[in-house]
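Scrolling down, you'll hit the structures one after another.
One chain, chain A, appears in both complexes that follow, with chain B as partner in the first and chain C in the second.
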Partner chain A sequence: MASVRLENLKKNYEGGKSVVNNVNVDIDDKEFVVFVGPSGCGKSTTLRMIAGLEDVTEGNVFIDGRLVNELPPKDRDIAMVFQNYALYPHMTVFDNIAFGLKLRGFPKPEVMKRVHEAASILGIEELLDRKPKALSGGQRQRAAIGRAIVRKPKVFLFDEPLSNLDAKLRVQMRTEISRLHQRLETTMIYVTHDQTEAMTMGDKIVVMKDGYVQQIAEPLELYNHPRNKFVAGFIGSPAMNFFEGAIVGATALIFREQQGAFKLSIPREKSRKLRGYAGKTVVLGLRPEHIYRGSLKGLKGAKVSVDVQVVEPMGNEIYVYFSFGKNGKQHTARFDATTMPSAGKRLEVLFDTSKAHFFDQETEMVI
Partner chain B sequence: MISSYAMLVLFSVIALFPVWQVVSISLRPGNKLLSTDLEFIPSNPSLKSFVTLLTERDFLIWMGNSALISIAVTITGVAIASMAGYGFSRFRFPGKNMGLLSLLTTQMFPATMLLLPMYIMLIKLGLINTYVGAIVMYSATALPFCIWTMKGYYDTIPTSLEEAARIDGCSQFAAFYRIILPLAAPALVITALFSFMTAWSEYVVAAQILQDSSLWTLPLGLKSFEASMSTEWGLYGAASLMVMIPVVILFLTLSRWLVSGLTLGSVKG
Partner chain C sequence: MKQNRSFIGFLVIPAFVILAAVVFYPFVYNVVLSFANMNLYKIYDWHLIGFKQYVKIFTEPSQPSFYSVLSRTLVWTFANVFFHVVIGVSLALVLNQNLKGRSLFRTMLILPWAIPQYIVALTWRGMFNYEYGAINLVITKYLSLPAVEWLKDPVNAFIACIITNVWLGFPFMMVIALGALQSIPHELYEAAEIDGAKWYHKLRTITLPLIRPVMIPAITLGVIWTFNNLNIVWLVSNAGEPSDNTHILVSFVYKAAFNYYSFSYAAALSMIIFMILLTFSLVFMKSSRATQAAY
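Let's look at the complex of A and B:
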């Protein structure tokens, strides 16, 4: 059990290319922290610096209060699960899981006990005699997780462990890893590009982009109060809709969409912060679930007429892709699957302005 | 289908006929050595050449010398190439590309061109007419190819395996010999066979370095059957066959390691 602290962490590659910049993160003992971001955002490099697989260019990594910058991976008391499993192909599953224990000189009976314990937690006891090539993708990933948990390390590191699995297995393994965290009560650091994984698994999420931390928060905080346009667009599926427009009016502020497609009154609670933006362009962010079908009674919001382009029935809900005018930018709305709107027709919808987010057009920070 | 079998049979005959001729010559009695008929088994076959070779000539000494030098070259080749190849495959260091290119360049010179400088160098080092001289020369000749072979093979083994091992408790070197080296078995076998063959059947370099007949290797010994007035063809044939035997055994023993797909299942493929 241990805390992890990243202090002004930086990583530059040869030629001065900077991939991680000033990352400061405090991870508490027993916490499940997810680093999430698009490809190339520096999340895996950060994880590899914690593991000791990459040198730290600047800054410090502390594990359990101890500076580990110069420690080799084997002395950091960590375990890591790799995206591509990285099982030793010439060894059986048993030997793969036991490898770390044997290296550390554990007595044979203890090795046997721990390997069987780990295998039973993961449901792979009957696979212990097999070589990795005789396992399915999910079984391989379980064996890789077994190799990690058997040593009972201070910190678990997961580098996109579910990316190679099919969608159904991914959901299953996701819950298994969450259950494992509850059972082992160990600090876990998990890297993924999948915001759903981040939202469903993490106690705390670190959103990264271009080597910089964008926001560190609990999942719902991140969803409801994104700090900037990037976080707002990255977290949530389907992604948040963005509309550029101007703030007009003197007393009662109004948002007027750039192309004149719609106007909406800004709720009083948001007016105070937006007053300074009167006459300026801002970005309005609205999640697809905060756009309602106009025919539904009893809902408040700004009425907007849109052109439906594509309708995707998902079973329990429908995604409606719409635009303003035939060739306008595409946006998404998410409705209950009661009736299907027709593609190519106009549709009255309600924008729930109380759920709207406003962003500074230049800095992209939330207003 | 039939035509491909016909082609295979044709090429097999072309490849095997000379071998059979050697067998045939080794079995011929003394008065038929220069016979040009194509009979498969000579009339009155005899094993006399084999007996003479083993009892009256220094054949076993030559074989011992060849074995000593070839095994030493094999061990040196495998040890150095396995580590050098790993270094070239996994690490970034100044002069890496230059080093690889230089190794490749050495392969472009014919061995005979190197004889004179090699001879001078070995004299200065006091290694002429020694086993060590031959071992050094053969190792130096075999290494560039072996290093490239090993490097190419290591490149196909995912680095995440070593990283997993390093996290599991291995040092960089332990990760290399516990995880990567066993997976590189096919390349190690190729390297071993190539190194062995470089020394085992080589004549030109051996003739320059090993002048004392007690140090002769098999090719030098075989050449001694060729006198100015006559050649002992029966012994030549018998010795040629005996030279083949260790190589055939080595190939058969090591061939079980020449398999593909050793890294199957280790990573998502």
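Let's look at the complex of A and C:
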């Protein structure tokens, strides 16, 4: 159990290509922190620097208060689970899990005890004699996790561990890893490109893009109060809709969509900050779940008429892809699965302006 | 369907005819010859004599004796394949690192394999020359040791043949090993590093077991090629000199067939070579479970 601190962490590859820039993150003891972002954002490189598999170009990595920049991976007391499991194919599951213990000279009875303990936690006791190729994807990942937990390290590192599994198994393993965290009470750092994994598993989420940290916050904080347009668009599924438009009006501010497709009054609590933007273009962000059918009563908001392009019934809900005009930019709304709107028709919807986010068009920071 | 079948036949028959002409017919003819008494005097009126040629090989004394040639062949094969694999795998391990100019080294190291054996053999024979050869020059001038009679002494001449063939054959093993090394996922090494593995642990527990499925068939091929390698022994030692003391089985067969014209005797010898290699291949491939995929 240990805290991890990243201080002004930087990574440049040969030729000066910078992949991680000024990353500052404090991870508390027993915390489950998820690094999330699109591919190439530097999240895996950051994790590999914590593990010691990549050299740190600048900055410091502290594990349990100790500077570990120069320590080899084996001396950092960490364990890592890889995306493609990294199981030794010619060894049985038992030997795979026991490998690290044997190398560290643990006595045989202790190795046996710990391997069986780990296997029983993960429900793979009956698979210990099998080789990895005789296991399913989920079983392989369990064996890989077994190899990590058996050493009882201070910090667990997970590098996209569920990416190779099918959707159903991914959900199952997600909850298993969360349960494991509750049971082991160890610091876990988890890297993924899947925002659902990040939202459901993390105590704290670090959103990264192009090597920079965009925001560090708890899941709901990220969802409700994104710091910038990137975080707003990345967190949440389906993604947030963005509409460009101008702020007009003197006393009561109004947002007028660029093409004149709709206008909406800006709620009083947001007016104060938006006043300085009068006459300028801003970006309005509205999540698909904050757009309702016009027929819903008792809701305040702006009525907007849209052209339905595609309707996707999901069973419990409906995704409606709409635009303004036939060739306009596509946006998404999420409705209850009561009645299906028809594609190709016009539809009255309600934009819940109290849930709207406004972003500076140039800096993309929230207003 | 019928048209389809005749089209398949049209595609298959040419290959089948060629195989029959260059593999099946010569093989069957060789089997028949090994049970006959064909030689220079009986080129046309030869007849079958049963196992007499085989009995002659195993029981009658010859110059050189069959058993000494057989044991020399085993030494030749083992020494060559051993050094091919050790040098090849070691160089592949070096080339698999992030070296500067890696592709240049790789090309240079493959060169011996790309040069025709005939030229290599004669070049090395020249280098082993007692008076003017480069090797004795290095030994006397730079190591201050006495010159070695490479081609006059039977043991030295045989060692010269082995050195030549080792130089010629390691690139094959190197290329195969390099391909196998590059297919090992680097995460395995990273996982091992985190587990606390040193370089020799990684070599023993990851690298060697994972290149094994590729190396076993390559070693099998290497054994067959080396066992049957006529060119090097024949050309470096100049047809088994001194006094037929550097022969391996296949050069012995060649001498029996085309210098002594004992065709049936040579055919029986080549059947023995065939049986040895067939048994070796089957046993080795099976016992090493070479065909089992690693992943």
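Please note the rule applied: the second predicted complex is superposed on the first by the 367 of 367 C-alpha atoms of A that agree within 3 Å, B and C clash if a C-alpha of one lies under 4 Å from a C-alpha of the other, contacts with A are read in each partner's own complex, and residues count from 1 in each chain.
In this section, contacts are C-beta pairs under 8 Å (C-beta built on N, C-alpha and C of every residue); 3 or more make two chains touch, one makes a residue touch a chain.
Given the structure is predicted, the values throughout are model-derived calculations rather than measurements.
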| item | value |
| --- | --- |
| Combined model on chain A: chain C and chain B, fit or clash | clash |
| Which of chain B and chain C A:H90 touches, first, second, both or neither | both |
| Partner chain in contact with A:P341 - chain B first, chain C second, else both or neither | neither |
| Partner chain(s) touched by A:G137 [first = chain B, second = chain C, both, neither] | first |
| Partner chain(s) touched by A:I78 [first = chain B, second = chain C, both, neither] | both |
| Touched partner set for A:G202, first chain B, second chain C, both or neither | neither |
| First (chain B), second (chain C), both or neither touched by A:G42 | neither |
| Partner chain in contact with A:G301 - chain B first, chain C second, else both or neither | neither |
| Partner contacting more residues of chain A (chain B vs chain C) | B |
| Chain C-contacting residues of chain A that also contact chain B | 51-53, 72-74, 78-80, 82-84, 86, 88-90, 99-100, 103-104, 132-133, 147, 151 |
| Residue ranges of chain C in contact with chain A within the complex | 185, 187-188, 190-197, 201, 205-206, 209-210, 293-295 |
| Residues of chain B touching chain A in the complex | 92, 158, 160-161, 163-171, 174, 179, 182-183, 261-268 |
| Residue numbers on chain A that touch chain C, as the complex places them | 51-53, 72-74, 78-80, 82-84, 86, 88-91, 99-100, 103-104, 132-133, 147, 151 |
| Residue ranges of chain A in contact with chain B within the complex | 14, 51-53, 72-74, 78-80, 82-90, 99-100, 103-104, 131-135, 137, 140, 147, 151, 164 |
